[in-house]
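The letters A, B, C and D name the chains in turn, as written, and every chain counts its residues from 1.
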Amino acid sequence: MELAAIQTRVGAVHPDALVPTDEGAAYLSMTPEHWADVAQLLRSDEELRFNVLMCLTGYDRGPGEPLGVAYNLHSMDKLHKLEVRIEVPRDGGKIPSVAQIWRTAEWHEREAYDLFGITFVGHPDLRRILLPEDWEGYPLRKDYKEPDYYRGIPVPKDKRGWE
Amino acid sequence: MTSFTDSLIELLGGLAWVPENAAGIIFVTVSVLVALPVFLFMTLNAMVAVYMERKVSAFMQDRLGPMEVGIFGFKGGKRFWGGIGQTVADAVKLLGKEDTIPGEADRALFIIGPFILFGAAFATFIGIPIGYGLVISDFNIGIFFVIAISSIGVIGVILAGWASNNKWSLYGAMRSAAQMISYELPVGMSLLLVVMVVGSLQFHDIVMWQEQHRWFLFHSPFTALAFLIFFASGVAEVNRTPFDIPEAESELVAGYMTEYSGFRWSIFFLSEYANMAIIALMSAIIFLGGWLSPLGGLFRTFNLEQSWYFLEGPWWGVFWISIKAIALIFVMMWVRWTWPRLRPDQLMYVAWKVFIPFALANIFFVGIWELLLG
Amino acid sequence: MTTKAEVVKNFGVVQTEEMVLNMGPQHPSTHGVLRLKIRTDGEIVSSIEPHIGYLHRCFEKHCENLSYEQVIPFTDRCDYLASMANNHIYSMAVEKMLGIEVSEKVEYIRVIMTELQRIASHLLAVGTFGLDVGGITPFTYCFRDRERVLDLFEYTCGARLLYNYIWVGGLSHDLPLNFRQYAQEFIDYFEPKINEYNRILTYNKIFIERTGDVGVLPAEVAISYGCSGPVLRGSGVKWDLRRDEPYSIYDRFDFEVITGDGQMGSLGDCWDRYFVRVREMGESVKILRQALAGLPEKGDVQENIPKKIRPPKGEIYFRGESPRGDLGFYIISDGKAKPYRVKMRSPAFSNLSVINEIGAGWMISDIVTILGSLDIVLGEIDR
Amino acid sequence: MAVSLVNRFEQDNIIVEQIDNLLNWARAGSPWYFQFGLACCAIEMMAAAAPRYDLERFGAMPRSSPRQADVMIVAGTVTLKMATRVKRLYEQMANPKYVISMGSCANSGGPYWQYGYHVLKGVDLVVPVDVYVPGCPPRPEALMQGLLELQKKIKEDTPLRRVS
């Protein structure tokens, strides 16, 4: 199915879920509120059947701007693809977790939480995954400043003695 | 039958300058004199076997193995004997290493563990002959003694694993205990059948019997099977691949010896190779004719009188038994560097559901065989 | 009558407890710095909790701070066993954003390099899997032959492991003199060797006992967890991006998509996953033969390399088949010389996440086997 | 007694010197290394142990327990999450112990020195390093060279004599 057809299909069931996108955008934009239901629809609808979550990407629109998550879906039966984007406010933004729908999302959501600080509601085990538990800050945010010390170990390269 | 100890006592007792009623002095002297060769043998055996192991594994894997370490600058050959000083360097290095005892470990047990294992291997050598009359003490219950004493070693392993206060060590010890106790049974049962045929537990009697008849390996199909069971169980007793689950490197880091370093660790190593030698020597004595020349039987069919052709005699006997033992040790190494390792439950399966039933049936059938043909 | 509770109360030792065992981060069989927190009851494992991130090298942060062509050396270091495949897929993603077509010769060389890399990577996977189940010699055999592949790479671009060879729009070097002949010699040498691995490891009775029927991964679970590559194909799913979403020039070659068939136990066990890799090496040889035959003699491999890489605003998700599975790059461009955001969807990341599902209930020894059969590379998981 | 022994060792004594030489020869001759593969360099370390390069020629044998190892080859990028573990494993090794830092990442942070917020900029920040092997990744030959350099260093050591 093409993007427009998918959009119509989703819009028919959850009219409030869709957010208008820019002209020529190759993705669907959604509100976080209905995402759990829409995801269930995308997964189980006979015509859509998106059974593979290829990729889940967190991104930061810049300081002061919202954070976003891009879901790349693929259907192994129907051989079509879809990109869904959800944007939430920078502080305290919450997105429903899809870890129960596509199990691969479990670790990807943890990663997005780890690196961007996006909270996924309903995630079974939302902890930091790559960075240590006591790490401060979310490194892939555009306004991140790396710490000087972590547990007494200097983090930035010591450049004294360089020319 | 004379043994090394008996001869020494007689020799010392008969000397003119030894005072009367000096049994105590003779006892101490003889004890030291007989312990020394055993200790030397164990050390030498470990050194040679480790070198052999490294070389054998290297050649099986398209490598060269140790090449660069020699003694006094002599590095051995270009290929086969290269790195001839390697194990000497290893041993000296291990002796010079720090002796670490983990803070949380049980100090006394941690220290005593390796020595129990070593002591068991050491004591086992007392009963094993390496030639006609070349035995420290020729028990009339030789086989029983060897099996009983060698199984004390497992206590050392358990102590070592428990005292280390390390989970990997504990797992290694648990597995080791289960394994060693299980494999005692097939070992004992397959030897029982030889005892049944010969009617004696003494090693010398067993070899004598083989001299008069034939090697037990060729005696009957059941004894051949018993040899296989004995050897495989023996490999399991000494924890070598495919039965090396107690120290399975890819699973348990180093098993029960994870926390040991330097000298204490080398004692484990020494005992492991000593146990290998014990299993190889016992198989050679009991099933492969001990110190008998393999040529003896061949020439005897041509009705030649006893002569040099047979390469028989006390010193040739040592040569033949060594050849047999080394060949069996080589087989152990061959297996180790070729096969993967079994899982603990499969290991138990092999012991309880394969080896023990077969060994039991073997005893029954060899009895019938002896009744009909013996 | 004395109850068990009383005994426990008085002596406190009869109670059995689950033990938490930390496998790693430094353990001989975790293939790098992975930490598995396993709960065990005796030898039986009741749950596994992987802790990753011990090799988190901030790949995505680097991408945001470097220009598009400077990212390529960092993709090398992500999956360090399949650097060529990483280069290839990243370059194709950027080319797609820029709308560059590369010449026939470049495509052929890329396919040859990627397939050689697949052989090298699978050889290491097979060898270390042998190591995990306790056989040490197969490992050395595999490394012996892997060195020959590395020789070819070294001859081409001077590096043994991390190549930076496939660039956006072309290659860093043309093929050296007589490469085709040497590659041909390698293939002729290598093809019979696959049987040698089969003899020493694949059909070994103990090996089959250790891997057959262990860690069965059903197809639905595999798809739901986003598994890909040999892990997915071991479960019987015929899915290979080279065939199903042909990129580069893979549609020109005749090869088979290998799937597991449950020959030594159930479908999707460790043995299947392992054997898919062994047979895939044979398929790669097949592709290599065809590619070497069709390789054009003439052509400049650098003619299409753009002077400045500034993709238009937009985003792309492009994926391809790396030796470990679907490797995807999600790139957002804001029209500047540096990518706005690069996300690498690494196959091993998803493949590893399945370990609790298929590993719970097995023994400690089996956890090692299952982990080995997933063939993970920590550099790619942690990035 | 102990004091007098030390005093005796302080002078150059032919016996002590010979024991020193023996120990140095043994330590240089059997540098068992701790498999500390972290990243890309680990593959080259494995290749160095594999048939073509065969590190065992120099007596080096891989050990997986730190207690039994003499040389820790830190092969690959050390991250901050791993740094404390590296230090701990180093402390678990028995003396005498040596560290070879293999590859640019372990030497100085390598290509990750600038933006790598989670990368330790050189393993020498947590453990003392004896030999640095440059390269990204170093070839197995380079690792062998590093091992030979370490052997040279060991041979100049004086374990018994207390040369100030």
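Following the convention adopted for this analysis, contacts are C-beta pairs under 8 Å (C-beta built on N, C-alpha and C of every residue); 3 or more make two chains touch, one makes a residue touch a chain.
Keep in mind it's a predicted model, so treat the numbers as computed, not measured.
In terms of the stated touch criterion, the partners common to chain A and chain B are C, D, listed by label.
Using the average of C-alpha coordinates as each chain's centre, A ends up farthest from chain B.
Taking the mean of each chain's C-alpha atoms as its centre, the chain lying closest to the overall protein C-alpha centroid is C.
Annotation: 31 Å between the Cα-based centres of chain C and chain D.
With centres set at the average Cα position, the gap from chain B to chain D is 36 Å.
One finds 44 Å separating the Cα centroids of chain B and chain C.
Centre-to-centre separation of chain A and chain C, using mean CA positions: 25 Å. Touching of two or more other chains is recorded for residues 50-51, 64, 81, 114, 117-118 of chain D.
The multi-chain contact residues of chain C, meaning those touching 2 or more other chains, are 27-28, 53, 56, 58, 61, 140, 144, 382. Looking at chain A, one finds that residues 130-132, 139 touch two or more other chains.
Going by the touch rule set out above, the chain pairs that meet are A-C, A-D, B-C, B-D, C-D. The residues of chain D lying in touch with chain A in their complex are 80-81, 83-84, 108-109, 113-114, 117-118, 120-121, 125-126. For chain A in complex with chain D, the touching residues are 130-132, 139, 144, 146-147, 150-151, 153-158. Contact residues on chain D toward chain C in their complex (touch as defined above): 35-40, 42-44, 46-47, 50-52, 64, 76-77, 79, 81-82, 85, 89, 111-112, 114-119, 136-137, 139.
Residues of chain C that touch chain D in their complex: 25-28, 32-33, 53-58, 61-62, 65, 73-74, 77, 80-81, 124, 139-140, 143-144, 146-147, 150, 160-162, 378-379, 382. In the complex of the two chains, the chain C residues touching chain B come out as 19, 21-22, 27-29, 43, 130-137, 140-141, 144, 200-201, 204, 206-207, 209-210, 363-366, 368.
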